[in-house]
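Listed below are the structures to be examined.
You will see subunit A twice below: alongside subunit B first, and alongside subunit C after that.
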Partner chain A sequence: MFIGTDKLTHTYMPGTPFASAALKSISFSLGRGSFTLLIGPSGSGKTTLIQHLNGLLKPTSGKVYFDGQSIGPDKSALLSVRRRIGLLFQMPEDQFFSETVFDEIAYAPRNLGLAENEIEESVIKAVERVGLRPKNLLGRHPFQLSAGQKRRVAFAAVLSIEPEVLILDEPAAGLDPSGKLMLFDLLSRLNRTEKITILVSTHHLDEIAALADNLLVLNGGRLEMAGKAREILARRAELQDLGLALPQVTEIMDELAARGLPVSTDIYSLSAASKEIIRLKRADQG
Partner chain B sequence: MSRSIILGHYLPGNSVIHQMNPRIKVLVLIIILTMLFAFKSIPGLLAMLLAILLLFAAARIPFRYLLKGLRPILYIALFALIIFLFFTKGGVVLVRLGSVTVESDGLEEGLFVIIRLVTLVLFSLLLTLTTTPLSLTHGLGYFLKPLGRIGLPAEEVVMIMAIALRFIPTLIEESQRLMRAQVSRGADFESGSVFRKAKNLAPLIVPLFVSAFRRADELALAMEARGYRLGAKRTRLYEDLIKMQDWFVLLTALLLLAAVLYTNI
Partner chain C sequence: MAVLKAETIIEAKALYYSYAGEGEDSSPALNGVDLKVDQGEYLALLGANGSGKTTLLKLLNALLMPSQGEVLVKGISTVEAQKLELVRQACGMIFQNPDNQIVATTVEEDIAFGLENLALPSQEIRRRVDAVAGRLGLTHLLQHPPHLLSGGEKQRTAIAGILAMQPACILMDEPTAMLDPFGRFEVLKTVKDLNKAESLAVVHVTHNPAEAVEADRIVVLERGRIVADGKPEEILTDLKLLHKLGLQGTVAAELADLLRQEGLILPAAIMRNQELVESLCLSEQIS
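Take a look at the complex of A and B:
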């Protein structure tokens, strides 16, 4: 087990009339280098769960593990966990406070006490990784950027510490379609070529479902399903009962299959769908 | 952070006290506070203390909320007691330490002041624990209305207070979210000197202000879109009707005050 939880339970404001159980006895584990989606309707506890994995919230009961060790209250151990697990919050551009993009991205490496020349190196590397050109960007004010650029700068601010694990909370929320595609492309590259372990929470499965190895499904603070992405995505009826929409292309393929065409329904991205349709057409002609 | 703020913390419930009209509650509180200052001796105050404890039980408020609410005045109470013990003279000498004496009148006066203070805080606490901040604001706003004649824009003041109250939890939540976000980026808000701590707060304060201004902007727009105009007469969805039992409570409080003033106990 690389990262995971054991009977993790979290109650907000325990012991008051406002107490509410956000997570109920959640246990799962993810392997090193895996790509996992955490899905569930809003209010199902995704954000609460994610914040435990970085030691930002303390479990009411149960444990959180990272690299064979339990994430505990020890401060220096927590700092090293945060050094290795990068966490991108929901709407991360709301955290901007610096006067230049450079300072914004350099915030995390500075907090970790890197030398100034190392900081510059890591900032430039992070900016390039998210597909921005450092030259015309680093001196600008973060509030002047477009929404897509802001999101990528926020992402670079997390990548600047070169984490082994990336946890992203609704990273595509509020992005336009091209911004989304670019983000998913980047995530796929970080996972496949740089072997970074990735966990993404989302309630939109479009496109991103095709990238995932594993799937965790939360509902009402309970882990309803956990396992291989393909196996869980095949349990269509259960997912629909939870109010989770399948990717649009998958629904189209399901519909085609329902009308008697011999297509695979194990398809979660546009490119896979177009390949399958071309294959079908060729088979038809040949 | 938000857990330590108890004063002004509303506890939902549906007891008789929760259901009282907020205007009447405010009036009754004023009458009771006047009464507390009218008492001349400890037994009367003890009766009031007993009464407030029974009222807390009737409102089904857990005992620890009572203790939490009293914590802020602990030091004031101790300080008052010490002052009275050593500086009020008269009666029997209870303790003698060299030239310093503690005399019975000092003890009596000290206890008198502390019981009055505790009772006073508990009555005020009962009001804020059983009344939503919003209805409390409207209740208070009602008494501001006559000031409209001398140019105080009562409706607007109430609106400002109501909005401020509405957004306190939102801002607390937002600041906690931001704090977590920056902590995940390695921020440290706890260690270092005071100066360093203040400097470290920039990553928290700047985004908080940015979002507060954006929220204010959006709220203003939303209010105007729904027809809010300065100085316009507004009606309310929930009218605060004064029921028979409210008049009864008010009358009882007035009679009690009259009795206390008349008998001079």
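Take a look at the complex of A and C:
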């Protein structure tokens, strides 16, 4: 197990009349280098779970593991966990506080006590990794950037300390279609070529479902399903009962199958759908 | 036979807006926009990040004032400071993040907030709050603290607060971006119903082509200018235009396009999933 939980339970405001159980005995494990999607309706506990994986919350009971160690109260161990696991919150640009893009991205490396030239190096490297050009950008005020640029700056701020794991909460919300595709390409590249372990919490499976190895489904604080993405996505009726939407392209394939066309419905991206339909049409002809 | 012409609710004339303090390389956020929105019209506003959609919406709601040109809301210019209340009452705004727009400690107080600011008599406030809550299915939640609501319920509470002001138009800036599929469905259905049943004009900024399908008309912005204005079936199937702007057509239109590139013969105007499925069930041709 690289990262995971064992019977993790979290109760907000325990012992008060307002006590509410956000996570109920959650156990799962994810391998190093894997790409996982965390899905579930609003209020199902996704954000609470993510905060535990980064040591931001303390379990009411149960444990969180990272790289063979339990994430515990030991402060120095926690610091190393946060250095190795990068967390990108929802709408991360809402939390910008620096005067320049450079300072925003340099915040974490600076806190790690790096020398000024090392800080600059990690800032430039991080900016380039997210596909922005440092030259025109680093001196600007973060609020002067477009939404897509801001999101990438927020991403660079997390990448600046070179985490081994990236946890992202609804990272594409508010991005335009090309911004979304760029983000998914970036996630795919970080995962496939740089072997970064990725966990994405999202409501929208379009295109990103095709990148995932694993899927975790939360509902009402319970881990309803966990396993290989394809196997869980095939459990259509259960997903529907939870009010979760499949990728639209998958809905099209399901509809074609329902109309009697012998197509595979194990399809989660436009390119896969196109290949499958063309295969069918060629087979018809041949 | 008399033809009733719909009343113009919003009119933007030669609208320019420039954010102060931007670098010298930046062009104005809005660069000469002319736009009319009629009573009962559902307008979707598309455009890449940074194209000026949110800026335009803020100008329509008098949150920003034009650098040049003007915005008329029911004939009132947004720069007429003493009539600002009338403008904002006629045109309410829903933001992307429901948590950023809820101000009160219960749903009913939140719905009543705008009305209290208008200094209406309390019986009238009570009547309107109950009426809109009933209309939007929020009656059972009136005493609830808003932070315990789902995302969809929060957005509907915000819509109720606007509806209580008896507006002519509702402006929405990506109102479903943070919602789960059920919340998204809930909000879109609510707005569509109000648009049809009460002739409420809607200006809906979205990045999701599937949401724009339901509009009467789509306006596309690029770098602060309107570059396309037409029916959903024209705009959302014009992939050449959309891709050039960093946008996408509906999933059905995109998939149809990929299939055509592989030699499949399909009708040009495929926008909805159902249309693609029908065509594929019929078509046997491949070139």
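Please note the rule applied: the second predicted complex is superposed on the first by the 286 of 286 C-alpha atoms of A that agree within 3 Å, B and C clash if a C-alpha of one lies under 4 Å from a C-alpha of the other, contacts with A are read in each partner's own complex, and residues count from 1 in each chain.
The rule is simple: a residue touches a chain if its C-beta (ideal position, glycine included) is under 8 Å from a C-beta of that chain, and two chains touch if they have at least 3 such contacts.
This structure is a prediction, so every number in the text was calculated from the model and none was measured.
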On subunit A, do subunit B and subunit C fit together or clash when superposed? clash
With both complexes overlaid on chain A, does A:51 touch subunit B (first), subunit C (second), both or neither? first
Touch test for A:92: subunit B only (first), subunit C only (second), both, or neither? first
Check whether subunit B or subunit C contacts more residues of subunit A in the superposed model. C
Counting only touches as set out at the top, which of subunit B and subunit C does A:227 meet: first, second, both, neither? neither
Report for A:146: first if it touches subunit B alone, second if subunit C alone, otherwise both or neither. second
With the two complexes superposed on chain A, say which partner A:178 touches: subunit B (first), subunit C (second), both, or neither. second
Would you check which partner chain A:14 touches, where first means subunit B only, second means subunit C only, and both and neither mean what they say? neither
Selected from 27-35, 135-143, 153-161 or 225-233: the stretch of subunit B that, after superposition, runs into subunit C: 225-233
In subunit A, both subunit B and subunit C touch residues none
Under the definition above, what is the set of subunit A residues touching subunit C in their complex? 41-43, 90-91, 136, 140, 144, 146-149, 170, 173-180, 203, 206, 243-245, 248-249, 251-252, 255-256, 259-261, 270-271, 273-274, 277-278, 281-282, 284-285
Within their complex, subunit C touches subunit A through residues 19, 21-23, 25-26, 47-50, 96-97, 150-152, 174, 177-184, 207, 209-210, 246-248, 251-252, 254-255, 258-259, 262-264, 273-274, 276-277, 280-281, 283-284, 286
Mind listing the subunit B positions that touch subunit A in their complex? 3, 11-13, 177-178, 180-188, 202-207, 210-211
Please output the residues of subunit A touching subunit B within their complex, sorted ascending. 13, 17, 51, 54, 56-57, 79, 82-83, 87, 89, 92, 94-97, 107-108, 111-112, 143, 157-158, 161
